[in-house]
Every structure is written in C-alpha cells, then in structure tokens.
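Below you'll find the structures, each written out as structure tokens.
Each of the next two complexes has chain A plus one more chain, namely chain B in the first and chain C in the second.
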Partner chain A sequence: MDLFNFKKPEHFFVTGEPMIYMADVLIVLTMLGIVFVLTYYKKWRWLWDEWLTTVDHKKIGIMYLISAVLMLFRGGVDAVLMRTQLALPNLKFLNAQHYNEIFTTHGTIMIIFMAMPFIFGLMNIAVPLQIGARDVAFPALNALSFWLFAAGALLFNISFVIGGSPDAGWTSYTPLAGNELDPGPGENYYLLGLQISGIGTLMSGINFLVTILKMRAPGMKLMKMPMFTWSTLITSIIIIFAFPVLTVALALLTMDRLFGAHFFTIAGDGMPMLWANLFWIWGHPEVYIVILPAFGIFSEVISTFARKRLFGYSAMVYSMVAISALSFVVWVHHFFTMGSGPWINSLFSITTMLISIPTGVKIFNWLFTLYKGRIRFTTPMLWTLAFIPTFLVGGITGVMLASAPADYQYHNSYFLISHFHYTLIGGTVFACFAGLIYWWPKMFGFKLNERLGKWSFWIFIIGFNLCFIPMYLIGLKGMPRRIYTYPAGLGWGTWNMIETIGAYLMGIGFAIFVYCIIYSIRHGERDTTGDPWDGRTLEWSTSSPAPEYNFARIPQVNEIDAFWYRKRNKAMKVEESKPLKPIHMPNKTGLPVILSIFMFIAGFGFVFEWHLIGIIGLLGVLGCLAWRSLHEDKGFYIPVDIIQQTEAKWKKVSARGKSITS
Partner chain B sequence: MEHPNTLKKHIFGFLWSLILTFAALLITLRTNLPLGWKVTIIVTLAFFQLIIQLLYFMHLTEGDSKWIQVVNIVYGLFVAIVTVAGSIWIMLYNTMTH
Partner chain C sequence: MARGHLKKVLSLVGLIFLLAGCSQVKTGVLNPQGPVAQKQYDLIIWSVALMSIIFVAVVGIFVFVLVKYRERPDNLDYEPPEQEGSRWLEIIWTVIPVIIVIALAIPTTKTTFELERSPSPEQKPMKIEVTSVDWKWIFRYPEQGIETVNYIKIPANVPIDFELNAVGAMNSFWVPELGGQEYTMPGMTMHLWLEADKPGTYLGRSSNFSGKGFTHMTFRVISQEKEDFNKWISHVKKTAPEQTESDYLKLMKPGNVPEMTYSSYPAVFIKEYEKQQGGEKHHHHH
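Up next, the complex of A and B:
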C-alpha cells in the first residue's frame, strides 16, 4: 500500500451520456442557486445556528424528512428511467451498463437513503412528544446520526457523476461485486456510503432505545405507550442487533476490495456465498426495521380517525415482539436457490411462514379498530386504508415465495419484484405519506391541503397497481429481473407498457404531493390549537409547531391515549395550575457536522483508494471524538419568564383560532 | 456526575479492548502457531473482549432495572447463536460447495 500513490481512475467524471451532462449542469446550477440565495438573503449564519448545529429532535426530524423526500425523488427518477427502457422490447434508451447502475442505485437509495431517513424523521418528530419528553436521551448523538447519514447519502449519490455508480445490485453479491469482476470506484461507493450511514443508524437505534426506556412521562408504563412508540422501541432493538452484521460484512468486503483480503473471493479459500449469508442476516431484519414503524404509524392513524382506542393493544405489542424475534431466523429465504440442503430450506420455509401469524393478528386488529368506528376519510386515513389490502396482497405472495420448492420457480422473476414492492411501497411508503401528512401540522403549524392530497393519493394508488399487478403476471410468464431489454414475441410487451404507464402515474402522484406542500405553505389551514385531528396521544397536547422545550409542564399519564382522556376529564386545567420551573435543555453543537465532513473526506479518499486522504479524514474523525470526550457540556436552562411568554403567545393565538372557528 | 469513576473506567476498558484486539491480530499474522492453537487463542481473547465490553461500556452491573439487563443478554445470546450457528450450518451443508 503506497500512501502517496494517487492513481487516477480512467474517468474521474462520468462522460459519454447526454443525460449525465444534463445532470452535471443541473447540479452546478442548483448549488450556485443555493449559495446565491443564502448569500443574498444573508442566511448563512441562520443556516449554521438554526439548522446545522441544532440538537433539537424536531429540527433533526425535519432535516431527515427533507433528505428522504429528495431521495424519494432521486430513487423515483431511477425507477422511471428503468420503466422507460423496459416499456417496449429492444429499446435503446439505456445501455446494459447504465441500466445495471440504475437498478443498483434505485434499490440502495430507496431502502437505505429514503425509507430509513423517512422513518427516522418521523420517529424524531413524534416519539419524544408522544412520551412527554423534552428531547431524546442523547441529543448531540442524534445530530451526529443525522449528519453521518447525510455524509453517507451524499457520498453514495455523487457516484453517478464522479467515478461511476455501483452496478452489482443493491445486494452487491460477491463474486460479482468483488475486485476481479467489478474493479473501479463504483462498488467502493456502495460499501463506504452504506458503512458511514449505517454507523449513524446504529447510533439512532441506541438513542431511541434509551429515550423510550428512560425518559417517559411519569405514569406512562410500557403498556401505556402509544403504538408508534412501541414500534420504535422494537425497531431500535432490531437495529442494535442487526446493523453490526452489516457493518462487519461491509468492512470485510472493503478489505477484500481495497487491501487484497480474501474473505469473499474464490481465490485464497474465501467464501463468496458467505456474503449473501451475512448480507441477509442483516437484510431481513432490515425489512422489519422499515415496516414495524410503518405499522406503528398506521395504528396511530386508524385509532385517531376511527375515533376508537386501538383494538387489541397488547396483542399488537406481543405480535411485534414475535416479529422481532422471527426476523432473525428467516434470512435463508432470500437465497433458497443457492443450494442449501433440504433441511436448511425446510426449516427456513417454516420460520418464514410463521411470520404471517403475528402479521395477520395485526391486520385483524386494525380491521376491528375500524369496526363501528366513526371514520373520517382524511388523506392519512386514505393511505392507511389502502395499505391494508395492498399489504395483504404483498404478504400472501410472500407466503407463496416462502415455499422453497415453489421458490425455484418464482426466484429472480418479476413475481418477486412485485411481491416486495407491494410490501415496501404498500407498507413503508404509504406509511411515510400517511405519517408525514398526519404529523405535518405538528412540525410546521399548518395542515396540508386535503383536496390536493387526495388527488395525489388516488393517482399514486392507481399508478401503483397498474405498475405492479402486471409484474406478478409477467413474472409467472418467466420475465427475470435485472434484464435491461427483452426480445419481442414473448408476450411481455403489452404488460410492460402498462407497467410503465403506472410508473409515470406514480411520478405524477408524487409531483402533485410536492405541489400540495408548496400550495399549503401559503394556503394551508393554520393549526392554532395544536390538536388539528382531535388526536389521542400527547404530541397533540402541546402547540403546533411544538416549542423548543416541547412541554412547559411534563404531563402525568394514567391511561393509554393519555391526551384523549385528559380532554374528556378536564385534567388539563388541574395541570396548568402547577408552577413552572426552569427547563434544562442541551446546547447546540457544530461537532456532528464537522465530524461528518471528515467522515465524508475519509470515505471519498477510500473510494478512489487514495489512502492518504482516507487516513487524514479518519484522523479528523478521531480528533473530533477526542475533543468531544475532553469537553464537558452541561446544557443550559430556559428561565420561567421565557416559558411564560411562549405559552401565553400560544394561548392567545389558540383562543383567537377557537373564536374564529366557533 | 453520578458515577465519579466513569472516566477512569472508560479509559481502562478502552485500553484493554485495544490490547485484546491487537493481541488477536498479532497472533494471527505474526506467529507460526498451528491453526488450532490460533483459533483457540482468538476465541479466548474474544470472550474476554465480551466481558470487557459488557462491564465497562454496557454498564452491566450499574443498572437499576435488572430485568432489562436480563432480557438484553438473553436476546443478544439468541441472535448471536442463531447467526453464528446458522451461518456455519448453511455454509457447511451447501450442496453447491461440495
């Protein structure tokens, strides 16, 4: 290893594609635009003080959500490009290599850089408020989690203009992803981008576990927590146990690629199949990491808009606990065809089918919550109601796939593609939309326009089914995944065209949603009460947007759906007579941003195997850690008169709002 | 601070975890012991590493709620055994590698 050998890759900047040049121009223009706006309006100081150095869970949540929506756009563009290429047989819109890169980045971005930050954003917004806490347990660590995610996401995303994107699929199977068959920076981007953001994810898992176990309001026993908080708790546990496996697997493959180790190579007695094994030991729990919080969101939304307490609360909790344990014993079903013996495949078939039991319990509980409820068909409720049948289809095809002998037929066909899109879009993406719209007033103080929201919902849902129902059919007709084109005359053409139309409709649905946000910023209904949906849990008991300290007085909890009962029992008045005390809050810190910049530099260096730059970046990271360890930060107190002023202002606006509506 | 010895304990634990890690690395790369010996030594070192981590960083003995510690340890053992034993089982009985 020569530290001073800065070998230049063949193409540092990706060349030869008109679309890439267009992207280059757009990226430069966007960056110039951002710099111009910030300078012209003198907002640099504001950006640093209010956002980059913040440790406030609500602002970190918003930053997660902005990144997630941007990544949804990026991953969505990838999807639309793929569908355009596949619309007709023998199209030459994308070449094979470009297509490989695009399906790789589509999968990786949608899971790691879209679904995960979306979920974390909503957790950050809602969980501390739901348990009556003033922030998470480790606020600075929370900021670091976000900035590490951002560094990893940025590193991964620049690959398509600098150095070339990874092209071995989001699963990055060896030996294809090894140095021999796939040299160059592309796969390194995958390894280091995921590694950096994965560290952030692990920290978030620890943070939310401690927050939920240690910082609940007095009286909130575990079995009185809101269901979204429960799902976050279970998810955090899965993260803590699953993500280290990814960290190790990525590190081993990085050593193979950068330093000539032989963990996954055929040469030197390595085991290429071990990668698939390790990847899915993490990968399957990962699926539940993104779906359990979605279940939590749906539980909140259904209970709120059916105006009923969640049916079978404890069954919901125990089924999630069961899913968390089962999630670690099913991973082989991702590679039944790898040649494991019949005993192995049989065992993992059975464990996989077992998962449908707790999931079925949850579906029935949601249905029984709806039963005899006074249902309001708001946009979040529509997404939730659409989720139940959609996820059911995804789940039942999952049971079909779980049967190992039958899987030899379905494996790597479009049947599988449709199955996991029905669960991941129908579960996670629908939940992200539902949760975003549901908690939007709490974040920004106004509601999103319902009419536009419903348009976006219907167009998206029609597009979704047009896109993915045909995939089940052509999957059974034998169309394999990851092919960049196909000949005419196989009977796939018409269905593919319908799928492409569906994909475009989903794109239009997303565009309407974005327009809905822009429209609502000016015209959205203002939320003066803090409780726009007639909510049940504690986040609706404070103002919208919530003040920095969340609650002037920490609430006392006696029931599930604490806020609902407080509203009914006039307990609010009693609480407000308690005297205010100064509130202890964490200081903001620039360290997470700086550490993440060093991490990005390290990652970028190692991607191009410029080890000197990589080491400099890592030394910077170590320096930041040392600095943080040697400085004690005791936080600060918000004095009582400031709290009184903030509360009085809200009460005044709230009273005016009430007099207007009544 | 509630635990006055935290800093000392952290540094002590950190140093020991480094020593154990580098010992494992040196024994594998720089000695000519037979493979069986190497594996035995590494597993032993890993066991001590586990103890160090649990005591000095996971604060196993300091918590006030015992059942959370017990649940954590049991769940951790469950995941560790399933993944390690499962991986060995899957990789050894793979019909493609024979």
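Up next, the complex of A and C:
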C-alpha cells in the first residue's frame, strides 16, 4: 500500500457510450440549474437552516422520500433500458458489459437506495406521530442516518459516469466480484456505497427501537400501538441483528480488494462460497426489513378505509414476530443448488415453507378487516387492495420455490425474477405508494389528486402484470436471468415483447404519479382539519402539516386506534383544557451533514485506492465525532405563547374549513 | 384409493392452471425428457395444485368482501361493527396452511433425497467430468478418454453422473429438459445425475451469471441410442485431434469458443491445473 500513489484508472470519466455522454450533460445542467435557482432566489441560507441542519423527523422523512423517488426513477430507467434490450431477440441496444452494469445498479439501487429510504421516510414521518412523541429518541443521530444514506447513495450513483459501474450483480458473488475477475473501481463503489449507507441504517434501527420502547404517549401499552409502529419496532430489531453481518461481509471483501486479503479469493485458501452465506444471512432478513413495514402500512390503510379496527390485532403482531424469527433461518434457500446436501436442503425447504403460515394469517386477517366494513376506494386503498392478490401470487410461487428439488429448475430463471418482483413490487412498492399518498396530507397539508392517482395506479398495475406474468412462463421455458440477449426460435420473443410493453406502462404510470404531485401542489385539496381520511391513529389528531413539536399536549391513550375513540367519545375537549407547558426540543446541527461529506470523501478515496484521500476523509469523520463528544447540547424550549399562536392559527383555519364543507 | 384420486384431480387442476398460461409449444421445464426432470415436473405440478387451493380461497373471499362491503350511496350511514377477531378463524387459517405445507414438505424431502441417487440404479451409470471456464463448457469422458467443448453426446436411458468443477467464476450447469441445475464452483467438486429417456437434442446453459461472455455460455446435449453413441465415440477416437497441454491452456483464456472435439486429453496435467486453480494446492500436496 503506497499512500502517495494516485494511480489513475483506465477511464476516470466513463467514455464511449452516447447515453453516458447524454447523462453527463444532463447531470451538469441539472446541477447548474439547482445552483442558479438557489442563488437567484437567495435560498442557500434557507437550504442550510431548514433542511441540511434539521433534526426534525418530519423533514428528515421528507428528504428520505425525495431521495427514494429520485432513486425509483434511476432504478426504473435501468429497468426500462434492460427491457428495451430484451424486447426482441438479438438486439444490440446495449452490449453485454453495459447490460451487466445496468442490472447490477438496478437491483442495488432498488433495494438499498429506493426501498430502504422509502420505508425509512415513511417511518420517520409517521412513527413519532403515531406514538404521540415529539421526535425520535436521538434526533441528531437520525439526521446522521439520513446523511450517511445520502452519502452512500451519491457515491454509488456517480459510478456510472466516474470510474464505471459495478457489474457483478446486486448479490456481488465472489469469486466473480473479487479482484482477479473484476478489477477496477466498479465493485469498490458497490462495497463502499453500501457500507456507508448501511452504517446509517443500523443507527436508524437502534434509533427507532429506542424511540418506540421509550417515547410512547402515556397509556399506549405495546399491545395498543398502531400496527405500522409495531412493524417498525420488529423491523428495527431485524436491522440490529442483520446489518452487522452485511457490514462485516462488505469489510472483508473490501480488504480482499483493497489490501490483498484472501477471505473470498480462490487463491490463498480463501472461501469464495462463504460470501453467498454471509450475503444472504443479511439478505434474507433484509427482504423482511422492507416487507414488514409494508405490512404495517397496509394494516393502517385497510383499517382506515374499511372503517373498522384491525381484525385479529394480536394475531397480526405475533405473526410478524414469527416472520421476523423465521427470516433468519431460511437463507440457504438462495443457493439450494450449491450442493449443501439433502438434509440441509430439506431443512431449509421446510423453514421457508413455514414462513407462508404467519404470512397467510396476516392475509386472512386483512380480508376479515374488510369483511363487514364500509370500503372506500381511495388511491391509498387501491394500492393496498391490489397488494393482496399480487402478494398472494408472489407468496404461492415463493412456496413453490421453497421446494428444493423444484428450485433446481426455477433457480436463476425468470420464474424466480417474477416471484421476487411480485413480492417486492406487490409488497414494498405498492406500500410505498399507498403510504406516501396516505400520509401526504400530513406532510404537506394537501391531498394528492385522486383522479390522477387512480390513473397512475391502473396503468402501473396493468403494466406490472403484463411485465411479470410472462416471466413465470419464460422462466419455465428455460430463460435464465442476467442474459443480455437471446436467439430467436426458443419461443421467448413474444413474451419478452409483452414484458417490455408492460415495463413501459409502469414507466408511464410512474410519470403520471409525478405529474399528479406537481398538479396537486397547485390544485390539491387543502387539508385544514388534520384528519383528511377520517383516521384512527394519533398522527391525525394534530394539524397538517404537523407543527414542529407535533403535539401541543402529549395525548393520553386508552385504546387501540386512540384517535378514533377520542373522536367517538368527544374526549378532545377534555384534553384541550389541560394547561400548556413549554416544550423541550432538540437544536439544529450541521454536524451530520459535515460528517457525511467526510465519509463521502473517504469512500471516494478508497474506491480509487487513493488511500491518502481515504484516510483524510476518515480523520475528518473522527474529528466530527470528537467535536460532538466535547460539546454539550441541551436543546431549547418553545415558549407557551408561541405554541398558543401556532395552535390558534390551526384552529382558525380548521374551523373555517369545517364551515366550508358543512 | 380416495387419496390417490384426490391427488390426481388436484394435479390436473394444477396442470390446467399452468397450461392456461402457455398454450404454445412446450419447452424447458414443462417438457421433461428424462426421469430427473420428470420427478421435478411432478413435484412442480403437485405444488401448483396445492397452491391453487390457497389462491382460489383467498381470491374468492377477496372478491366477495370487495363487492359486498364497498361503500355505496345507499349505505353511507352504515357503521361497521368493531370486531376484535376470532380465535376459531385464527385456528382454521393456521391449521389448513399447516396441512398444505406438510403435503408439500413430504414429497419435497423425499425427492430431495432421491435426486442424490442414480435415477436408474439398475443401469450402469456413465461418468462425464464437466468444467466451466470463462465462458465455455469442457466435457471429459474419463471412461472413453475423449473431450468435447460446448456440446455433449450421451446414450439414452443411461444415467449420467456429471462431476462438476469450475475454473474461475461460479457457473450453473442447467439442461431444463433433463433436470434441474447445480452450481459449478472452483475447488469444490459437485455431482448431478441426469438421464435422457430417448434420443433428442436439448439446450443446456450456464444459468448463473459469470461475467461478460455468460450469455453465450450454452451447450447442446445430444442424446442418442446406445449403438449410435458408441459409433460416435469410435469415430471421435479415430478422427478428432488429440488435445495438447497448450490446447488446454488456450481454452482457459476468457472468451466464447465454438464446439470442439478431442480424441484424448492430458489427464494428469489437467487434474493438477484445476486443483491449483481451485485453490486446493495447500490442502492435498504436502
């Protein structure tokens, strides 16, 4: 290792592809545009004060969601490029190398940089409000989690214009992902991007665990928590157990690649197959990290729009606990074909099938929540209802895949691809749309347009099924994943064309959704009441958007669906007669964003094996931590008169809103 | 008897579900051409049948509640009851899936163990050594002493014991019509039994991503009557070139190559080379 060796990689800026040049131009123009707008409207100060240094969980949530939607766009563009290449046999739209890079970034971005921040965004928005808290337990740490995620995501995303994208799949299996077979910065981007954002994720897990355990409103026993909060609690525990495995696995492979270690190399007594184990010991629980909060969102939405409390609340909780436990003992099903022997394969077949039982319990309880309800087909409800049959198809094909001997035939084929898209899109992505639309008024004070929302929903759903149903069939016809082209005459062509049309429709659905947001900013129905959906849980008891301190008075909870019962019993008035007290709030801090910039510098240095820059970055990180340790921050108090003013303003608007509607 | 019938009926339902989707020519997994693929096919059909019970039940309830309990102009004053849940229902929708899982787990386990053994134990098996290299398939016939690249011929109705190895990245050896796949890994020898019922040509490929040339890493499997196969072997022995060490090393270089045939191969050299590439030299050579 030579500290002062700044070897230039073969291509620092990626060259040769017209699409990349186009992207370069667009990136530069966008950056110039942002700088111009911020300068012209003198918004730099605002950006720093209101967003970059904020520790408010609601603003952090919004920043997570903006990042997630951007990443959904990037991952979606990757998907559309792949589908274009596969539309017809023998197309030459993308070459093998480019295709390999695109499916690698598609998978990594969708899981790590789209699904995760989307879920964390919604958790940040909703959980403190649902439990009647004023923020998370560690607000500055929460900001640090976000900025580390942002640093990791940015690092990963610049790879396609600087240095080259990773190209060994989102699973990054060794020995393919090792230095011998895949030298260069691409895989380093993968390792360091995931590492940096993964540290942020682990911190979030700890943060939300403590928040939910310690900061619930008085009377909110664990078994009275909203189901989304329950799902967040269980997810946090999974994160705390699973993410350290990823951290270690990434660190080991980084040592292999950067410092010549031999953990996963073929030479020097390494064990390449160990990577698959470590990856999936994290990777399978990771799937549940993104699906359990989705279950939580669906539970909230179904209960709200069926106007019924959740059927079988305790069964819902226990089934999530069971799923989280089982999620740690199924990882071998990702490589039944690695020859672990019939005993191991049978055992992991059975543990995998067992997951379907608590999941089935949940599905039936949702159906019985709808039973005898009065179902309103709002857009969040449409996404939620679509989840049930979609996830059902994903689930039953999952049970089929669990059967090891049958899996020898499905493995690595499009059958598998379709299965996990049915669960991850039908579960997580549908939930992200449902949750985003559902909590949108709480974030911004207005509803998204329902008509445009429904258009985007139907086009996306039709596109989704057109895209993925044929994949089950061509998988059984023997089409493997990750091939960049295929010959004519195998009977795959027609199906692939249908899939591509479906993918384009999904893209159109997404575009309509984005248009719906832009349209609604101007024309969306304003939410003056704070309770636009006739909600059941505490987040609907405060104004939309919620004030900085969330609740003027911490609510008292006696029931599941606390707000619903309060509305029924007219307990609102009693609550409001309590005297106001000054509210203690955390201070803003620029430390998280500065620390994350240093982390980005460190990551960038190590990606190119410019160790001096890497070390400087890490020293910056240490400096930030030391500074933080030496400075005490006791927060500040919001005085009673400010609270009164804020509350009075909301009450006035709210009263006016009520008189207009009635 | 009754259970046997039930199984048949359900299997038929499963088959209909599958065929409803793919009326075209059957290829791949749904076109089993040997006992291994057949076993897996039967298990797949059985699992589809079991899963269609769940599918029909859930979709049935789903459609029913959506139609019956949707908000209509005439039920706006209907206030839904507050139901906590039902112990009986929870038991029912736990126990029935448990039974279904057992019904799938038993044949799964049975088949998992069966696939470890020769599909036709009464027949004398034939061995083929398979090595995946970036990005080609090398097949050696130790009993016949010949080597082929990117295609194999096998006798029909003879169980083949494929011994799988890899140089470089991991790949997966898959011939859907003959049976499921198994990974090829450097430094770890794996076994896979396959057998063809009758003469025919099947497409095999790597199904596990291994880099740039992966897409074209396919091979043909040609199943022949035993006499034709024997004729082919003696023809190869007479006409094909011998493989030298440098021929072999040329194959080790990354790239796709056309089909090739050799009448012999440098066995000792190859064994040493592949062991070394598999990182095993430290284990076995002291």
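What we mean here is this: the second predicted complex is superposed on the first by the 662 of 662 C-alpha atoms of A that agree within 3 Å, B and C clash if a C-alpha of one lies under 4 Å from a C-alpha of the other, contacts with A are read in each partner's own complex, and residues count from 1 in each chain.
Just so it is clear, contacts are C-beta pairs under 8 Å (C-beta built on N, C-alpha and C of every residue); 3 or more make two chains touch, one makes a residue touch a chain.
Computed from a predicted structure; not experimentally measured.
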Partner chain(s) touched by A:G339 [first = chain B, second = chain C, both, neither]: both
Chain B versus chain C as contact partner of A:V329, first or second or both or neither: first
Partner chain in contact with A:F377 - chain B first, chain C second, else both or neither: second
Which superposed partner A:L385 touches (first chain B, second chain C, both, neither): second
Contacts of A:M273 with chain B and chain C, given as first, second, both or neither: both
A:G502 touches, of chain B and chain C: first, second, both or neither? neither
Greater residue coverage of chain A in the superposed arrangement, chain B or chain C: C
Partner chain(s) touched by A:A306 [first = chain B, second = chain C, both, neither]: second
Which of chain B and chain C A:L213 touches, first, second, both or neither: first
Contacts on chain A seen with chain B and repeated with chain C across the two complexes: 273, 338-339, 341
List of chain C residues in touch with chain A within their complex: 18, 21-22, 24-25, 27-30, 37, 39-40, 43-44, 47-48, 51, 54-55, 58-59, 61-62, 65-66, 69-71, 75-76, 78-86, 89-90, 93-94, 97-98, 101, 104-105, 108-109, 111-113, 115-116, 134, 168-170, 172, 174, 176-177, 179-183, 185-188, 190-191, 203, 205-215, 277-279, 282
Chain B residues touching chain A - in the complex, by the definition given at the top: 68, 75-76, 78-79, 82-83, 86-87, 89-91, 93-97
Chain C partner contacts - residues on chain A that touch it in the complex: 96-97, 100, 167-169, 173, 175-176, 181-182, 265-270, 272-273, 306-309, 311-315, 335, 337-339, 341-342, 345-346, 349-350, 353-354, 356-357, 360-361, 363-365, 367-368, 370-377, 385, 388-389, 392-393, 396-397, 399-400, 402-413, 469, 472-473, 475-478, 480-486, 490-491
In the complex with chain B, residue positions of chain A that touch it: 213, 237, 241, 245, 271, 273-274, 277-278, 281, 325, 328-329, 331-332, 338-341, 343-344
